[in-house]
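Here is the structure we will look at, set down as structure tokens.
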């Protein structure tokens, strides 16, 4: 039955996408329109994607167990914090160099909360250098909250969450300084990184710290893979909150994303075959005007 | 011999640093000027500008900082020169605070070769505006409202080049010199999709591979990737600059890195033998 | 209420920006424009928060005579020095004192930092490109081909080297990159949805 209902949803989606949505429009003035008809396909995709996620969240709420594969990088966080505790050295958490409006930074903040809980339980100092002003209050709140939920609100040191600079390389220099002076035993780098990624990771390697990094900035992944002990790649970063909390609602949303990805792979394969056969209409339906 | 190989396997990184330094410094001091051809992404960037009718207005967003200046400044200068020499009007803005003075400097270099070009008539610098993607989208609604003054505080209405410029419809092409975020990715996501602007990008070499999907899909009309891209572009506009001079240094340093990889592997397999290393 | 109100604001703001993609009406666009101006003001004010944080952290360190405290004095003096130059000594245009300091201090400092990357890349490549497995061999060989093919010396060695590297960039490289991009984009949309609907509220704290 579930398969049939899924096929129905898929059929509904494809029907709207391929038949009901207009194929092409002349350039007209839309300043008096309440809906942009050129973006029907985009709207349908969003609704479909959201519907799938909500469906899986609902399933998870009803108590269906959902499998999530092991993500070695996220498991390694606890190992890294444990090692820092054994060595009596601090943990350094670098949440990327982007602002809080970037979803990668939000994901980093979610991981930061979990890390703060761990370090509070182990009574290990946690340094969080920040690159963008708007991230400061969120990071402060997350760390404070982590300490509070571990029953150690008194151990929270506000000065350990510190704004460095929103200049990329000034920030990199500042963080490298922290690595060399305070010699953290664990460097956790999650979020959006650019050219500073290898500078940070190599300096961390030099200090002998255990390093776990995660980013969805594909161009920086090779650097992290080369210089860090564990690397979390692309979407694994966004799966972190579900993975770390194991909360059914969050796991449900992960399942929804996975199913959508499977559908996209199907559409891509079909599109590639049709394009090869010279049928271009199918792919044109996906163009966004 | 074995001891030498063992040492080579765990070579002190400072020795690598010395070789890299020499491989960059010597060719810069004693250039050979190796020739190179132009790759398709650079060619299409050039062609996109060539196809714009003279007198049209081009928006150039200089979003970088001194850190990425060695790679991006030459392409910024080259782009300004190409645009102005084709009698196109240049409107420049910056979404990075550090970009403002770099754009000014790039323009002063160009004006040495094209002294007839006049501020306010042939080009204008609207300066920096904080807000990143928000500014990008705002430009689509109203350029004068987003930038009511230029960087010197002159009102937009009093600047001749800005006459008739309201939205992206009045802009023939957008050029982004991108050092990171906000940069080309955000211009594609926020502006190209919404306002159908032709976008050409100049970016650092390390980020360039990320923009290849946009290039293939046509969301970017051309791409200058790193110093090599800038050098190719300089070759096309027939104005050799600092990027061209950097090509020898880049060639030699790449060869040195390759040799180190080779030495590392020879030492790696020689110390314990191929069989043990590959566990066959 | 401490959590409900921010979640409600977050939800409304998210829906608002999503709707903007689909509603092209002039009246609605003018509302979006106003909200965007608010956002710009808000972002600009965040710098005040950041400066307060810098001053607090560094003053504490100076007061407590922490290790390396003189550097913190340099930081605070430099901060106010540049602000003063920009505001009271002719602005930030070309030819001003601000421009001079920027060009002769910030430019070489930042360029040096970025230039360090060349050294780090070389040492990381030396360490990482050991052919331990078949995958590592493929990675190392591809890296070397692209590295040599993208500089003039590659063309001197073989005329078609640049075309070959362009092919590597356009086909195998792009295929892998697209796959990660699609996955990351879906992950980002899904996280955004969770944040908007309040399912993911850990980032707010105060649980």
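Labels A, B and C are assigned to the chains in the order they are written; within every chain, residues are numbered from 1.
Here is the rule we use: contacts are C-beta pairs under 8 Å (C-beta built on N, C-alpha and C of every residue); 3 or more make two chains touch, one makes a residue touch a chain.
These figures come from a predicted structure and were not determined experimentally.
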| item | value |
| --- | --- |
| Innermost chain, taking as reference the mean of every protein Cα atom displayed | C |
| A-B against B-C, pair bridged by the larger set of C-beta contacts | B-C |
| Averaged-CA centre spacing for the pair chain C and chain B, given as whole angstrom | 16 |
| Whole-Å gap separating chain A and chain B, where each centre is the average of the chain's CA atoms | 28 |
| Residue list for chain B, restricted to those that touch at least two other chains | 65, 67-68, 98, 132, 209-210 |
| Multi-chain contact sites of chain C, meaning residues that touch two or more partners | 21, 29, 43, 109-110, 113-114, 121, 123, 125, 127, 177, 181 |
| Per-residue overlap in chain A, given as positions that touch at least 2 other chains | 99, 167, 169, 195, 218 |
| Chain C to chain A touching residues, read off their complex | 18, 21-26, 28-29, 43, 46-47, 49-50, 53-54, 56-57, 60-61, 67-68, 109-110, 113-114, 116-117, 120-121, 123-125, 127-128, 177, 180-184, 186-195, 199-200, 202-207 |
| Complex interface listing, chain A residues touching chain B | 97-99, 101-102, 167-169, 192, 194-195, 217-220, 288-289 |
| In the complex with chain C, residue positions of chain A that touch it | 30-36, 39, 42-43, 46, 49-50, 53, 57, 99, 103-104, 106-107, 109-110, 113, 130, 132-134, 136-138, 141-142, 144-145, 149, 158-159, 162-163, 166-167, 169-170, 172-173, 181, 195, 198-199, 201-202, 216, 218, 221, 223, 225-227, 233-235, 237-239, 241, 245, 249-250, 253-254, 256-257, 260-261, 264 |
| Complex interface listing, chain C residues touching chain B | 21, 29, 32-33, 36-37, 39-40, 43-44, 92-94, 99, 102-103, 106-111, 113-115, 118-119, 121-123, 125-127, 129-133, 140, 143-144, 147-148, 150-156, 162, 166, 169-170, 173-174, 177-178, 181 |
| Residues of chain B defined as touching chain A within the complex | 65, 67-68, 98, 132-133, 179-181, 193, 196, 204, 206-207, 209-210 |
